[in-house]
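These notes concern the structure reproduced below.
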Amino acid sequence: MSSMWGKNLKISIFGESHGEAIGVTVDGLQAGFPLDFDLINAEMQKRKPGGKLATPRKEDDMPVILSGVFEGKTTGAPLTAVIYNKNTKSSDYEKMSHIARPGHADYTAFVKYNGANDYRGGGHFSGRLTACLVFAGAVCRQILKSQGIDVAVHIKSISNVEDESFGVEITNEQVSRLNESCFPLIDQSKRELMENEIALAASQKDSVGGVIECAVVGLPAGVGSPMFDGVENKIASIVFGIPAVKGIEFGLGFGAAKVRGSQNNDEFLIDGEKIKTKTNNCGGILGGITNGMPVVFRAAFKPTPSIAKQQNTVDFLKKENVVTQVVGRHDPCVVVRAAPVVKAAAAIAILDLLSEK
Amino acid sequence: MSSMWGKNLKISIFGESHGEAIGVTVDGLQAGFPLDFDLINAEMQKRKPGGKLATPRKEDDMPVILSGVFEGKTTGAPLTAVIYNKNTKSSDYEKMSHIARPGHADYTAFVKYNGANDYRGGGHFSGRLTACLVFAGAVCRQILKSQGIDVAVHIKSISNVEDESFGVEITNEQVSRLNESCFPLIDQSKRELMENEIALAASQKDSVGGVIECAVVGLPAGVGSPMFDGVENKIASIVFGIPAVKGIEFGLGFGAAKVRGSQNNDEFLIDGEKIKTKTNNCGGILGGITNGMPVVFRAAFKPTPSIAKQQNTVDFLKKENVVTQVVGRHDPCVVVRAAPVVKAAAAIAILDLLSEK
Amino acid sequence: MSSMWGKNLKISIFGESHGEAIGVTVDGLQAGFPLDFDLINAEMQKRKPGGKLATPRKEDDMPVILSGVFEGKTTGAPLTAVIYNKNTKSSDYEKMSHIARPGHADYTAFVKYNGANDYRGGGHFSGRLTACLVFAGAVCRQILKSQGIDVAVHIKSISNVEDESFGVEITNEQVSRLNESCFPLIDQSKRELMENEIALAASQKDSVGGVIECAVVGLPAGVGSPMFDGVENKIASIVFGIPAVKGIEFGLGFGAAKVRGSQNNDEFLIDGEKIKTKTNNCGGILGGITNGMPVVFRAAFKPTPSIAKQQNTVDFLKKENVVTQVVGRHDPCVVVRAAPVVKAAAAIAILDLLSEK
Amino acid sequence: MSSMWGKNLKISIFGESHGEAIGVTVDGLQAGFPLDFDLINAEMQKRKPGGKLATPRKEDDMPVILSGVFEGKTTGAPLTAVIYNKNTKSSDYEKMSHIARPGHADYTAFVKYNGANDYRGGGHFSGRLTACLVFAGAVCRQILKSQGIDVAVHIKSISNVEDESFGVEITNEQVSRLNESCFPLIDQSKRELMENEIALAASQKDSVGGVIECAVVGLPAGVGSPMFDGVENKIASIVFGIPAVKGIEFGLGFGAAKVRGSQNNDEFLIDGEKIKTKTNNCGGILGGITNGMPVVFRAAFKPTPSIAKQQNTVDFLKKENVVTQVVGRHDPCVVVRAAPVVKAAAAIAILDLLSEK
């Protein structure tokens, strides 16, 4: 669907990094839902550039609602929000339009769009577009919350510094605490190590990647479908829409490929009235359908491709080898700002799944 | 889309393990393509149960074409093939219909379908349904081959036994060799170790999982889209339709989250007339679009949930804890038979991507 | 979507007139619904060739269920039924494969499929494929009936012989009576006139068309959407999938274009607890959404293009003018057999609309 | 799809009549196409309110491009344009929010959206939203024109005043002439009669409807598909997204239901190198696929439901009968302004059909 996604709950994302505006239309929202703009803004802030360790590009990044909200509530018609681009410095980019920055989409976009794409700042490929996902996700998450469902993320790793993983049970307190943080961790003591890792890479004109772990709690059993409308398919199909994501795994994920069936199988047990599992290696999903345990997945982010180091590459117009050095404003690590984006993508996917009878 | 998938090239899969038949409709194929039924059958054979280490359930598994083929060529109308279920032993399953086999969809299907699903042999959730994917994929792969594109897979790992990975360059010889094998490996010496691993698990009433690595070669640069119609999204959305898949990664994947940008970025270089990259950590995809290098991904398979060991679980109707032991015919490892399924899924995804102008 | 249709309730139709079989997959049905096969068969009979005035080609046309039904109830997995082609006389068609029969898709199919389509008996374009719609519609209609909704059709006109129109109120008795008839009319006295019209055309080696009027009763207000998921869009998008349909109109339809707003507007009124309208010129739909009145539409069928009269046309391979005379077995009027097809299409469309939250 | 439409070429429409803005995203456009903004504006002008016979509400209605255009050319990324709402007089509407205006979606929207819809000026149901279609259609039509395809419309009828119909051949001159006119007619002498008809209705506090006829010329044979992706299905599914449309017919349409097969069948003939038909009763479509002749269809518009006459209706909140009189600014006839909207819808549908390989 290109820049549109979803079945019953659909999003349509538009905009280019240095164009007039970026924005998103969310179609299929229930009517009459009172939006909490503070929650939306809080999420937008988490993704916003300008943190100590992030890109110095500063923008208000405040979404302007164009439609779909009346007297503070959703109308049921498409909700569109735009973020106007104000603080753009296109000149940084203009000279290098035929140099393929390694790890970037410059060359692939050139081929696909026959050279007509807006290359400034990555154009439609820019990580800036994820602000649209964050907006849409914040709206969807509110609706989920009103149904007793919530989503939380934490930074599972940056480079080789690892946070703990979600446990089998995830408390509301943990979910709240993670949602309040702009550097969400289960083990807060890892923050300094992670920040050091990022700072070290930056000082060496380099960058680091990492992993975001996400949990959806409060979902009843029975959501999803076998085959192609399963929870895993849905989440994967939107999460790979986030730039820099190169892998996704549910529950034990790639780890499951290394253990025995007797270790990986989650034993069911009766807990009062509820059916639970003793472990959650399946990530809350069996046969594409939720089993009532938290849905847990991890998304792997590659290190920021924009680095200040010299790199060998090509001028794809002249077809000759060149040496390049990426200038401009870039994060040495996108993972911290990616956390709210993954949360948003999960919220959108889950609300779409729940929008089917 | 539940059991339908695709945009311009669509598949619709139907059937239950112990019902009348399973089958698949492929809609959107080009007309006039002469089908090579030997190639189709060769792929079907690779997935077929009955190998030395696989389930003793034997079936012909030969697809019968109902439509879409005339005088040996595709007609352009939907191509439907069915595989009739002959050798079913439903009695094995009938007594345990309310016992949730750990790691299976028994409980989640019960909740979703209100107890009306055909539970025999896993019903629509059965791995048997992947025969439909293999058929459809074999058809799609032929069309890709006629365009100079091919797909190859190998068993990257079983339990902790690892095969080598695809190199940066993948030769036609390697692709051919892998496609001829029913136990495809880059380093053939690993076969015995892997078979031993499977046999050991089986002897201990247990099972093992593994990883399949897949490469699509011959793709031009410029295929795919940013955001939600990217190559990664497309492939992930169909690969998670294969039962037991719990993770997918492209290129370096989760490994990219651990290295520096300067290590992960693939340097571009001019090779004669072509633009290539020195490494292929991006798995041939930048910004959702192919860069002309092989598209490489890995899918993680959990160990077969059906094990002969005693397991604690619940009777979800009586809501009480019980002990169960899975009887019936099961593979101690699905990974070998999953190899052609992953190849098929990739072929279908790529042909769909190429079906858009 | 080619031969697939729908969003939450999807159908996938396959088959060619003289191939192995035709069939349909219905995906997204609720689980546990007990199917009434007599009702299905009754509808199949109405569409079946072989009536006094219809084509002499006789077929059992009995659908064989391949999947999705277990112990007489829907399983929630895709329901597939096939009808094997038995009584085919391909030789009638074989010699004329490059002569464009006027009014047929011979030439357009040749161009689109590059000559590879199965031309025998119209292939995938054959009216025979509507048996698949009738099957799927009969399943959907049962589910609608269990929710207090039903669909009825009558032959509004054949050539210039007109039946009455549905009134503002449509009683359950009228619905039942129409559903029991294989020549459904509001004014039964028109049957003889219509049959005479058909017989006259046949005797003159010619054919006639007509109009089917359809009503969906029992729908609550609030079903549908503005813009592109409206009730009109949905119904039109499936009804134009019936061969020979060249027009569709809702409520007063084209008649509305000729009257004043004061005549066309339906006055609302309170009737006990219910809100109704005094007239139903809008066909039960305002802004794409049901208003609680019967949804009423009419579909125009062109006269059967296959006529025994000599016609001028071309050989599109040799590119020369020729004279042709269509031989083979053909109805002088498809309208009577089209009645259950329109009913089926409406039932499928409405169930899809109701499958969204 | 609610307010999104399309497969390979997609549009997403948002906005409410009295909200911040209305707008449209067009996704899937080819990159590098130089946009002719004069052509876009010319079409916008034709739809714009404020003509002598149209609503006195005046707006600039000038679309602002937010994304998808760089240096005057399409970038291949989603093209979004918004039209800010400036001259809104909400007070006209505010008092009557629970009175169902006959012929309007007030009541159906209230039920569907549980009273939360933005009722001001019809909200998302307003005819004003068709400006978005006109914009998107003007973009698509330019691309069609660059491929030798064009679209033309004329007012086939207003009330009982009829224009001529398109002939079998439609010249480029006729297409150009119709596209230059803001009151497009084949027989210009009918304009005065039509205007009188509208003026008479207005003077009597009433309104009139009419029919728009549309032709797509220059299409090659072989575009479209049988069943559900046919040219008729595609066009119908978008045209019913235009408010007030209650019917659509292709070629002879409902007229075909009244004639004999021998009259309706279009004889093929060789004309130089081309295959043509002598008549065009099929509207250029056989089996859902173009035959190379102009695609011709007509859409029926009901009379404007907003009339100044007193009407009986209900207060759907209080559930009581009331008398209402619609105040505010309304056209006595939407048909003239609907002409560019139908043209736009056709252009979008055709470009989507052509975007598939």
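A, B, C and D label the chains in the order they appear, each numbered from 1.
One rule holds in what follows: a residue touches a chain if its C-beta (ideal position, glycine included) is under 8 Å from a C-beta of that chain, and two chains touch if they have at least 3 such contacts.
Just so it is clear, the structure is predicted and the values come from calculations on it, not from any experiment.
The chain pair with more C-beta contacts between its two chains, of A-B and A-D, is A-B. The chain with its Cα centre farthest from the Cα centre of subunit C is A. Subunit A and subunit B have centres, each the mean of its CA atoms, that are 26 Å apart. Subunit A and subunit C have Cα centroids separated by 46 Å.
Chain centres here are Cα means. That of subunit A falls 38 Å from that of subunit D. Residue positions 1-4, 7, 13, 77, 112, 124, 226 of subunit D each touch two or more of the other chains. Of all residues in subunit C, those touching subunit A in their complex are 7-8, 77, 226, 354-357. Only residues 1-4, 10, 12-16, 19-23, 25, 27-28, 31-33, 64-68, 70, 73-80, 82, 112-118, 120, 123-124 of subunit D touch subunit A when the two sit together in their complex. Listing the residues of subunit D that touch subunit C in their complex gives 1-5, 7, 13, 100, 102-105, 107-109, 111-112, 124-125, 129, 157, 159-160, 201, 206-211, 220-230, 232-233, 236-238, 240-241, 243, 245-254, 256-270, 273, 275, 277-278, 281-283, 285-291, 300-307, 309, 311-314, 316, 319-321.
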